[in-house]
Amino acid sequence: MQVSGEIQEPFDLIRLSLSERVMVKLRGDRQLSGVLHAYDGHMNMILSDVEETVMIVDPVPEGVKPSIRVAKRQIEMLYVRGDGVILVSPPQRE
Amino acid sequence: MATLHTLVDKRVLLVMQDGRVIMGNLVGWDQRSNIVLADCVERRFSQESGATDSALGVYMVKGDQICLVGEVDAAIEEATSWSEIKVDPLPAVRYGDA
Amino acid sequence: MLIFSVFKTLTDHTVTVELKNDLCITGVLKSVDQYLNIRLDAIKVENAEQHPHMMAVKNCFIRGSVIRYVQLPASAMDIQLLEDATRRESGKKI
């Protein structure tokens, strides 16, 4: 499939990712991986089979190297409000 | 907004974007969810001294500062000794740095 | 409009709304408007012991702009319908 010919504007890339697994980077050090089923012009999205990854930096005394904790959880079906979205990455293609 | 009219004349609890809790009788509201409250009190939560109320009178609260509007169940409200409830205030809404 | 329609079809279903102040509220979806403000009935706050602030509140109105996620009932949703509607909507200029 010749993908580049079908993409004229950024949202075309998201349309071609419908029913495929996408990676979504969000504000607040959050990242989602899920199957994209719906979106709109605000980048509100509905994803299924979602894994959320949150990076948490625990407070440490000064001079100590801060450690980063990663919290993961699974959600069956999720609406994501578009104002938190930083980027959407389509599935990896051959 | 198809959703606030059922709360008019009721005692409501507002959670603000900065985490404050304000209670009052809902007098009116508009399209932007600006809200007018009568007999208003602010309920301050504290880990040390428990929750305390301070009277504010009539307030107009700007819609964009509101996080949530809840209907207060009078029976539960009256049966609760709020001064014995020792918790931190609610966190503020954060839109995230990056 | 698409996401608004999706929420309308989920009226009377139980959803979990996660706010940008990290509060999680589960309740029965009673109504939604064009701003995606949400009205919930029979609410329960997650970790109720740490969050007694809303103990006397049984139903509430949540401002759309403070919502981060909504966990949706997957069984009540038609994925095919959702994707078709998204393709149709994205064909129009947003």
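What to note about this one:
Lettered A, B and C in written order, each chain numbered from 1.
One rule holds for everything that comes next: a contact is a pair of C-beta atoms (placed from the backbone, for glycine too) under 8 Å apart; a residue touches a chain by one contact, two chains touch by 3 or more.
Since the structure is predicted, the reported quantities are computational estimates derived from the model, not experimental observations.
Of all chains, A has its CA centroid at the greatest distance from the CA centroid of chain B. With centres taken as mean CA coordinates, the chain nearest to the overall protein centre is C. Separating the centre of chain A from that of chain C, both taken as means of CA atoms, is a distance of 19 Å. Spacing of chain A relative to chain B, judged by their CA centroids, is 33 angstrom. Residues of chain A in contact with at least two other chains: 83-84. Residue positions of chain C touching 2 or more other chains: 20, 65.
In chain B, 94-96 are the positions where the chain touches two or more neighbouring chains simultaneously.
Within the complex formed with chain C, the chain B residues making contact are 1-4, 7, 13, 15, 17, 19, 21, 33, 43, 45, 63-64, 66-73, 76-77, 80, 85, 87, 90-96. On the side of chain C, the complex with chain A involves touching residues 1-3, 6-7, 20, 36, 64-65, 67-74, 77, 79, 82-83, 85-87, 89-90, 94. Chain A makes touch with chain C in their complex at residues 11, 15, 18-19, 37-41, 44, 46, 48, 75-81, 83-84. Note for the complex: chain C touches chain B at residues 19-23, 30-33, 35, 37-39, 43, 50-63, 65-66.
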